[in-house]
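As written, the chain order gives the labels A, B and C, with residue 1 at the start of each chain.
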Amino acid sequence: MLRVNCVSKSYPAAERPVLSQASLSLDAGRTLALTGESGSGKSTLLHLIAGLDAVDAGEISVGNVRVDRLDDAGRAQLRRETIGLVFQQFNLISSLDVRANLAFQARIAGRFDAAWQAELAERLGLEELLGRYPEALSGGQQQRVAIGRALAVRPALLLADEPTGNLDEASGDAVLTLMLALVRDSGSALLMVTHSERLAGLLDARAHLRGGTLA
Amino acid sequence: MNGKLLICLSLLLPTPVLAQGFAGLGTEAEGFAPVTAPAEFVFPRDHGAHPGHRIEWWYLTAALEGADGRDYGVQWTLFRQASRPPSDATGWDSGQVWMGHAGLTTPEQHFYAERFARGDVGQAGVIAAPFEAWIDDWAMTGAATAGDALADITVTAQGDEFSYALRATTDLAPVPQGDGGFSVKSESEQASYYYSQPFYSVSGVLTVEGVEVPVTGTGWLDREWSSQPLAEDQAGWDWFSLHLEDGARVMAFSLRDTDGGAFVSGTWITAAGEATPLSGEDILLTPRHVSDVAGRRVPTAWRVEIPSRGLSVDTEPVNAQSWMGTIFPYWEGPIRLSGSHAGRGYLEMTGY
Amino acid sequence: MRVLAVLGALVSHWRRQPVELVTLLVGLMVATALWSGVQALNAEAKTSYARAASVLAGDRLSSVTAPGGARIDLADFAALRRAGWDVSPILEGDIRMGTGGLRVIGIEPLTLPAEAETYQVGAGADRLQAFLEPAGLGLVSEATRLRLEGAEGLPPLATSADLPPDTMIVDIGLAERLLDAPDVISRLVIAQVPGPLPDGLAGRLEVRGPQTSGDLERLTDSFHLNLTAFGFLSFVVGLFIVYAAIGLAFEQRKPMLRTLRAIGVSARLLTAVMLAELAALALIAGLAGVTVGYAIAASLLPDVAASLRGLYGARVPGTLSLAPSWWAAGLGMSLVGALAAGGASLWRAWRLPLLATAQPQAWLGAQRRALRWQGAASILLALGALAAFVAGGGLAAGFALMGSVLIAAALALPGVLAAILAFGERRARGPLTVWAWADGRQQLSGLSLALMALLIALSVNVGVGTMVDSFRRTFIGWLDQRLASEVYLTGRDAAEAEALVAWLDARPDVTARLPIWSAQTRLGGWPAEVYGFQDHPTYRDNWPMLAVLPDGWDRVAAGEAALVSEQLARRADLAPGDALDIPTPEGVWRVTVAGIYSDYGNPAGQAMVGIDALTDRWPDVERLRFALRTDPANAQSLIGDLRAEFALEADQVIDQSAIKDFSRRIFERTFTVTIALNALTLTVAGIALFTSLLTLSNARIAQLAPLWAMGVPRRRLAFIEMGRTLMLAAFTALLALPLGLLVAWVLTAVINVEAFGWRLPIFVFPVQWAILVGLALLTAFTAALWPVIRLGRATPVTLLRSFGNER
């Protein structure tokens, strides 16, 4: 499903490469935790897989698609239809209400499914909040909207970057449990960046980044 | 209908009813000088204008021939019309409207031009002696030092593609038409004052599309004025002037009624200038051939018979398309005669 | 579908930020309104000129005239016709009709060339017949018909849409009677000139080709160029608002744009949708702007029409009638403006990096680069201005000079302000003060555009104000010199004038009776007036001479020399001692230029000659007007006696002060539009400043939050904000003063000379400056108030959130 092969990436300002010959793979329907110290390149690797940034060297395939060979429009299409993204900072569209935020990606991907949408809203406990705007939600609620938005397209691959990083432990656990259950039911693969060993343990497998390389 | 056309229509038609005869000549004429017998012409006074009468014209036609025997015809006309009964107004407001027509016919082509002027400002006018009739740069100018003021005239006119300069001379005096110059035009006694000078010898130069052609021939000047020359039911006329080879001259006209009848009249003029009126019983005018001219059906070949004088001639137009496409359009052109007499002439047909 | 979803997300921003949306729309609307309003004024006037020029197809027909504007003998018309010239006579003149004049144009429909039949005389045979009858028919525009309704001595009236106002076409016979001009004509028109004039006429008449641009259009050209220049200035200043508003929206929507990109909207689609959004906003604002522009034009038009009439005698209707193309052009201008102002934001959206990197100090490098770039551009433009001044001639070069000066100064402004702030920062003591200066520098990047707009608006205000006030002062002094006589008198006709003269000569209290007779001619291709004057101390002592030969007055009195107006001297490049050829009905008259005098406000050239020389060469000149010298205390009783004796109408006898009043009124109206546009421009600059501060205030919260966290009260922070804004505005206003003087100099020494042909001395008006600086501070205060209040009221939660949201 996801194959990362010998990927390197460095930034002009940094002294040494962020990623160096990193490789990993993830099969369809499986979940993988990506762990490592601050600055070990976890988020960078996630961004590269999502096509938010371009590799210096190496190959990344999602399904049959070589992400590193796509142009901007191709990468946009990949993100729209194949990938769901959940960030630490929620990244909701503040001027749209919860209902519109939830449906947004599915609508622009042309995959809006009202039944699935309703199920997501129900299982994420957002039914009472659909008319509210993001600023009126708690952190946990916002992240549940973000997860719902990402899963609404039934992505083949869900990428999550510290999805509970801004939440207290209790609500973080609740959100994560919900997310894992939904991922399992929707048949998506999950790559989750986390620095928490405890959370990493909840997933099928784990990969650890150190010095830009996967151990 | 362009503005200029409307201008002229309204000037020449003091009433807006267009149906009353050709060119409005059959309309009422209250306030204008009447036409009564006898005529009693006094020359040169009557060569000049008669502003008390509603309409008047100086009308020269010339049947001409080039050095190579080709036929040509020339027309020079100045019409005067008073748009209102006479008053003491002068200048722009004198109420006089002037219209000039010039025509030049060759066997293949026919050219015409028209000019307009109004008032008493020098753009157009007629002076009896020394004689001069003019509109813009067209002029008929008397040069006679003795005898009648019209015995020796020069005539010039030009259009876009033609011009002519002719000299016409004669030893004979003008000839009164009708009853000593009183010419009846209908059964209901519409009439005009009418005299002619039918004996001109003409020579001069035509310029046709830039080419000069010296010509000679015979000319005929008509002078006529009236206040209501046509009856209201008269729609047009056919007018002949014949220059017979023996020196005699014939004038004949037929005024057609709207109901199909006609008022026919004429004059026989001997070579010495003696005129005898002819009545409708004396004259037979029969169309022989009808041509398509400017989208109309016009009889361009005729038989003219005056049995009392042993005359029976067929007329043949020099150019059947001698159409004057002026604001009041009509047919006017030179003709050739054959039959009992040879000769030339001019034919004018209106109201077709 | 996707497009709609993206558009919906983008538009949802405006629902949450209605004030910004309104600012953007208002900015664009104001810019469009000012521009299209001025265009409407110009278009209306131009249409009037074209209509006046095309009456009787003057733009397509040649004409035959007599030199020196004399009338032509009717016999010459007949002579030309008989020589084969297809000419048609025109007799025209003005008659008094109630409150205003009426131009009577007599035509002769039978000979009139077909090209000239545009006034629809032939709209119907009945109408034409009425036109030609002795009672006649007058063709006028609808507005003129309403004005003339019930007037006596006129023919029945019919309307013709194509006619200029206050103009009546009648048959030439009727015109003769209305104008009391028997057997003469003003000119002859002809479609095709057949060749040289015939012998015998060649000396007395001359042929002129079709006049594609009438004299009016040439004379008023500079007036309209002035309007256009101010309209464009307002437009550009308006675009500053739009630029600021679009920039603000972009900054605020940046997170949304990133999110949209992250979940799969391509850069191309995003940019395209933003472009469509911008275009839609531009069209909405453009529609409103064009409508408001129409209203502005409609409210200014009476003043414009009045000053065009007063200055140039141009007949412009007081109501607008605009072509659809004008509306389209207004919308187009709005679109172009929006794209120009929004282009940068669109470009940044297109290039938006998907991953935001935190660069808290990046502003400093960016600002340095911007300042360097602006400084270089400013120097280049200043050099360009210098080149335009040295090499250029003509009004366009004058405006190029002014534009370059203004933009160069505007571009230099941020650099100058940055230097001032850096200096302040070095001199500052306490930490908060140091921060205040330093933070001001950071803020400068965001504010500089608005401050540039303010600088331009202020300096143009100073410049135009200085020019207008200098002109007013000069003009009034000049009026005192020019109008030295106590009473001015005009006879209705020659007979009355003669009777007046006889009566006056018997009055011992009238110390001098000076003729004011003039003839129209053309000097150096321009319409000009030749005045005859009687040698008298009234002139020698008072006339506003700029230069004069030592024996100049004697030579003029002797009839061998002429005095010329400044305009004429500049246009024909004349200096005292030069020769001048004056066309007269008696032939060309060569005189020496004995002196030059100022003649403000007169678009036509003017020359003054001895009265006998005038009447010798223009024997038919109207001898109706006189200036009377008398004891000023006696003037009113003299006027009273004159009125009683001759039953004179109000404007036939006028005292000096009334004439001065009248001249001043024309003067004031001439500048009404300029002053109005000036005020509007300053308002627009204020809105630009407000928008910019609004833009900044959101970002400010993140910058102020740390200070608040460290214990600076919000009220204190708000005071600092306000103080800094006022300080920046004050510096800008102070810098605007010298720039304004430069603008005033360009206006008076370059543009006025090119546009009107006269030069003015500059006077300075410090009180006016103080008012403007105060106005600038007030503008800045008002503009800063709302953002500062928002800041002062910001809840702790808002401030806290800025930590969480910091990218």
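Convention: a contact is a pair of C-beta atoms (placed from the backbone, for glycine too) under 8 Å apart; a residue touches a chain by one contact, two chains touch by 3 or more.
Given the structure is predicted, the values throughout are model-derived calculations rather than measurements.
Engineer: Select the chain whose centre, defined as the mean of its C-alpha atoms, is least distant from the mean of all protein C-alpha atoms.
Structural biologist: C
Engineer: Which chain has its C-alpha centroid at the greatest distance from the C-alpha centroid of chain A?
Structural biologist: It is B whose centre lies farthest from that of chain A.
Engineer: Once you find the CA centre of chain B and the CA centre of chain C, what distance in Å lies between them?
Structural biologist: The mean C-alpha positions of chain B and chain C differ by 65 Å.
Engineer: Could you work out how far the Cα centre of chain A sits from that of chain B, in whole Å?
Structural biologist: Roughly 108 Å, centre to centre.
Engineer: Please list all residues of chain A that touch 2 or more other chains.
Structural biologist: Expected reply: no residues.
Engineer: Inside the complex, what are the residues of chain C that reach chain A?
Structural biologist: Residues 1-2, 5-6, 8-9, 12-13, 15-16, 255-256, 258-269, 354-355, 804-805 of chain C touch chain A in their complex.
Engineer: Would you tell me which residues of chain C are touching chain B in their complex?
Structural biologist: Per the stated touch rule, the residues are 74-75, 77-79, 81-84, 86, 108-111, 114, 117, 121-122, 124-126, 128-129, 132-134, 171-173, 176, 182-183.
Engineer: Touching residues of chain A toward chain C in the complex: what are they?
Structural biologist: Those residues of chain A that touch chain C are 47, 50, 52-53, 72-73, 76-81, 83, 85, 87, 89, 91-96, 100, 104-105, 107-110, 149-150, 166.
Engineer: In the complex formed with chain C, which residues of chain B make contact?
Structural biologist: Spelled out, the residues of chain B in touch with chain C are 2-4, 6-11, 14, 16, 83-84, 89, 91-93, 97, 116-119, 121-123, 134, 136-137, 139, 158.
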